[in-house]
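What follows is chain A paired twice: with chain B in the first complex and chain C in the second.
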Partner chain A sequence: MAITSLAFAGFVIATLVAYHLVPSTWKKYVLLIASLVFYAVFSWQSLIAFSLIALSNFLIGIQLSKEQNKTFWLWLGILINITSLIVFKYADFYLPQVKAVLENANIQTSADGLKILLPIGLSFFVMQGMSYLFDINKKRIPAIKYFPDFWLFALYFPKLLSGPMERAGRFIKQINQPQIVDTKTLETSLALIVMGTVRKMVLADPLTSMLPSDVFTDPEKFAPHLLAAWLLAYGFAIYNDFAGYTNIIRGVSGLFGISLTQNFNVPYFARDFTEFWQRWHISFSNWLRDYIFYPLTRVLRRKFDRKNPLNVILPPFTTMVVSGLWHGLNPHMIVWGGLHGLYQVIERIPSFWRPTIPPAKRPKWRQWLGGLVTFGMAMLAWVPFRADLPTTWAFWKQLTLLFNIPILKKAIHPRSFVYLGSEQSNLYRIWSFPDLRIFILIIPSLLIDIWQYRHPDINTIRDWSQWAKAIALAMSLLAIYLVSLASPQAPFIYQGF
Partner chain B sequence: MLKLSTKSLEISLTGKLVLKTLFVLIVLIGLLEGVARLPWPTDRIPAPSMGTYYIIDIELSRLADYVQENDGVDVIIFGSSLAHSGLDPEIIENVFQQGTGQNLRVFNCGVTGMSLLPATSFVKIITQSYNPTLIIHVTEMRDYSSLTTGGLIHSVANDPWFHYKLGKFSPKGWIIDHSMAMQRYLSFRFWVRDDFPAWYSLLQKRLVDITPWGFEADRRVADDLNASPDPNNEKDKYMLDAYEDYQVAPERVESLKDVLSQPDKKVVIVEMPVHSAALQYFGDPSEDYQEYITTIEQTVQDYGGKFISTANLNIPNIGYSNKFHLNQDGAPLFSEFLAQELVHLYNTGWYQP
Partner chain C sequence: MSPSIEEQISHFICEEIIHQPERVLASTEPLLSSGLLDSFSLMDISLFVEDNFGVRIDDTELNVDTFDTLEELAVLIRNRMDTAA
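Coming up: the complex of A and B.
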């Protein structure tokens, strides 16, 4: 049940009707049943697995709150969560090795026989479960004593597939005292849903489906300027896909009077990488900050001077490598995370000789320059996010030809053979200029971003005149309908995590 | 004002926003419709589309232009790519004029993949819209096999515009049929695909190549016509599997009967002159061929149509682009042959334009 499908819309409407009609004490049970049904539609086996992990986190949470053997219970909880992540998510990584070992022992297996179904949204589910245990351990929140409450926190259907990663304290308070959905909340929620659907269906899906299938497998085929354009397309596709998903989900949850964390705040307008990670996948970044970056910083500061290079290098680098590992147990994902870590380390070097100035207080030219550099480097980092390491290297190498003017001149000539040295020549694609479609789609994406940048609070949409709302809504509906006729079909990119 | 109120819900809706949104939508659609109805350069911009297949769109657009230019059409040729690139109406018109002194307005509406089964719907729609006096349908053995399942069979069967035109109401079909803005947009409906630039470039070529008579010359020449089918070759294997046990399928004969039953129209079924080597795909070539000819000839006769056999038409190897398709050298020969047959039908009084 894709969240942009009519089936999901029907499911939400049916749940809304039931939710708002039943007495207050029953509302959370309506949400729980809806969440269980929603996930069972994807896979009832995964639902059982998730429920068991949720039960173990719930029980361990209670034990942690009893203040006895806390270390044991915390490590047991971490072990269960990490093990479930490894067993399900990283099956592709270890199954070939298991198969080889079994075959060496003359035990015949088939790949299908060993294949384990990856529950959708597992990574989000596990991170959320672990944060719950950490927070109880640190006494930031009390343990939840009632399993249906915890079950709903773990499986709440709007956020189940790809987050945002909610913190238990804020969420439980909301399900027990839901906000009344008034006309203003309805307006904001619908605005989020429309904006999210536009981002996903009108911008992200077309950008994804127009990417040539070989751009991230055979980059040498492409002239450098075309490669740069397609990388830009990918960068905007992944952003609009995930931001669109989050908008829709926040809007849907708002209709139940439950507010979910904002996950994106125009990240491509960030002026440095510290700010980028405060704007990109915010709930995940906060998780990494609270449970890896801060604890590691505290440990290092106890042992080393504040300006010790280890203090500057290790926390951001380790945090971002973990972020890469969370996305996938692949060398290229580690490089993606490592690259983001490296960017942040480089940004911190001036802190050795002068205090760090927040981006907003820097001179305008530095803000612009910082923004452009951050955007460019974030784009370059998407290459290892999408392609394996040899291809990443080939991609970057090919991009360096952008600075080789004689080659570039030839490359923009239709059907040109370009001599690359060492007797190597490439026949570049016949379309010598970057595909216009990329820019047609990026412009509206930027316009939405500019509006969001100037109005970080979505509620300001209520101040629009009714005619402005009507024009925006009509244009959005028309665009969604027209793009749906072109049938670009792309699953949510982050649903794979 | 609509008020919804429960313990968790306090909503009052005036409906003004909905009405205003509807108004803006109507204005936007009106603007788009106006722009779509401006004259667009037909040799650069894809033809307005019904959303099925771009060659159908080009043919429909060319046919509309042809009818406007010539004040009507007498003969419409139907069939698959074999007809599309095999019969040049310009030649047929000239030969007919020379042979009878009569003007004949002929249009080739052959479409790649339009085998007999989907063609029955297409023939009905086009015939109702343009009212020709004579329908020529070009078929060959494969059209009558139940194993011929590719081409446009599924897309036509599931197409909302086809459904609407055949009398089954479909909202989408209605919009497509009435909105030029929609037709213009559908002609670019592949804009999100990665192969769109390549497709668009191919389309530009075909927009130039397809003549105002709907004919498109095939410039390829078959390199090895007499080579035996190779079971290791994917295409050959498909053909061998499909036609080794060839039989004329009753349901395909029913489709032929549908074509023959156009009210107040003369119908001619023409045998496509495929290369003799094409028979190698059939398990029992001469027997299969005979079964096909006898069944079709008899059916056509029963329904008052005419069957034109091309058994005596000799097309040299250089006139084929492959075992089934004629190229730019073969098409004029087939066109002249058919024109002479039409002259004969005219002289016998069977057909008067």
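Coming up: the complex of A and C.
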């Protein structure tokens, strides 16, 4: 059941009707039943797996709160969560080896067995479960004593597939004190849903569909300026895809009076990488900061001077490599995370002697330059996020031809055939211009971002005149309708994590 | 008269973190939401508070939801010192 499908809309409306008809003490049970049904539609086997992991986290949480054998229970909880991640998510990594070993022993088997059980959204589920156990262990929150509450926290359907990663304390408070959904909340929630659907269906899906199937597998076939344009398309596609998803589910959750964490805040307008990670996938970044970056920094700072290279390099680098591993147990994901770690380390170095100036107070030229450099480096890092390592290297190598002026001059020369040889010459001639539709779609994406940058609080939409709201809604619905006719709907990229 | 909590932390931030020793931070100046302090600096402040006031600020509290200004941080520290006393 895709989040942007009519089936999902019908499901939400049916749940809303039931939710608002029952007394307030029953509301959370309506949400629990809806969440179980929602996930069972994807896979009832996965629902059982999720529920068992949730039950173990619930029971371990209670044991942790009893203050006896805390270390044992905490490690058991970590072991269960990490094992489930390895068994299900990283199956592609080890199943072929298992299959080979079994076949060598003349035991015929299918490596697809575990794949059937791969639960969608497992990575988000596991991270959330572990933070729950860490927080009880540190006495930040009390253990939840009632399993249906915990079950709902773990499986709440709007956030189940791709987050945001909620903290238990904030969420449980909301389900036990249901808020009245007034017209203002309704208006904001619907605005989020419309904005998210536009981002996903009108911007992300068409941008994704413009990428040639082999751009991230055989980049050497293409001229560098085309690769740059497609990389730009991918960068805006993944952003609009995930930000669109988050907007939709925050809007849906708002209809039930439950506020979910904001996950994106115009990340491509960040002026450095510290700011980028405060704006991109915020709930995940905060998780990494609270449970990896800070504890590691605290330990290292107690042992070494703050300017010690270990203090400067290890915390951001380790945190970002873990982030890469969370996305996938692949060398290219480690490189993606490592690059972001490296960017932050490099950025950090001048702060040891140079006065710190907040991004917004820097001279305009520095803000623009910082923004462009951050954006460009983030784009380059998307290559290993999407492609394996040899292809990443080939992609980057091909991109460097952009700066090879002699080749570019030869490429546009009337006799380029002579200079470049027939194959490369054809490449430049046939594909002389990048797909202009990419830039046409990036403009509305940037316009939405500019509006969000100037109005960080979505509630300001209530101040619009009725006419402005009507026109924006009509244009959005028309665009969604036209795009839905033209291109098939793609699954959300982050649903794969 | 010994310097207040706000003055001590302001001095530490200006001297050690932002390298502007002549500057004095206003007690209501946004430190986190403005981007003046990042995650690295927040841990430095947390350790400074721990060492000088005997108060622990948990890792999950080192964010703008807990405090954004010197005034808010000082209130947090005073409350914890009172609770401990």
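As a working rule, the second predicted complex is superposed on the first by the 464 of 497 C-alpha atoms of A that agree within 3 Å, B and C clash if a C-alpha of one lies under 4 Å from a C-alpha of the other, contacts with A are read in each partner's own complex, and residues count from 1 in each chain.
The rule is simple: a contact is a pair of C-beta atoms (placed from the backbone, for glycine too) under 8 Å apart; a residue touches a chain by one contact, two chains touch by 3 or more.
Please read these numbers as outputs of a predicted model, since none were measured by experiment.
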{"item": "Partner chain(s) touched by A:W336 [first = chain B, second = chain C, both, neither]", "value": "neither"}
{"item": "Touching partner for A:Y239 - first (chain B), second (chain C), both, neither", "value": "neither"}
{"item": "Partner touching more residues of chain A, whether chain B or chain C", "value": "B"}
{"item": "First (chain B), second (chain C), both or neither touched by A:F124", "value": "neither"}
{"item": "First (chain B), second (chain C), both or neither touched by A:W151", "value": "neither"}
{"item": "Contacts of A:Q466 with chain B and chain C, given as first, second, both or neither", "value": "first"}
{"item": "Chain C-facing residues of chain A, complex", "value": "135, 138, 140, 274-275, 286, 289-291, 293-295, 297-298, 301-302, 306, 315, 348, 351, 353-356, 358-361"}
{"item": "For the chain A and chain B complex, residues of the former touching the latter", "value": "19-21, 23-24, 27, 178, 180-183, 186, 205-206, 209-213, 257, 430-431, 435, 437, 466-467, 469-471, 473-475, 477-478, 482-483, 485-488"}
{"item": "Contact set on chain C toward chain A in their complex", "value": "17-20, 34-36, 38-41, 43-44, 46-47, 58-60, 62-63"}
{"item": "Footprint of chain A on chain B - complex, ascending", "value": "6-13, 16-17, 20-25, 28-29, 51, 185-186, 189-194, 196-197, 201"}
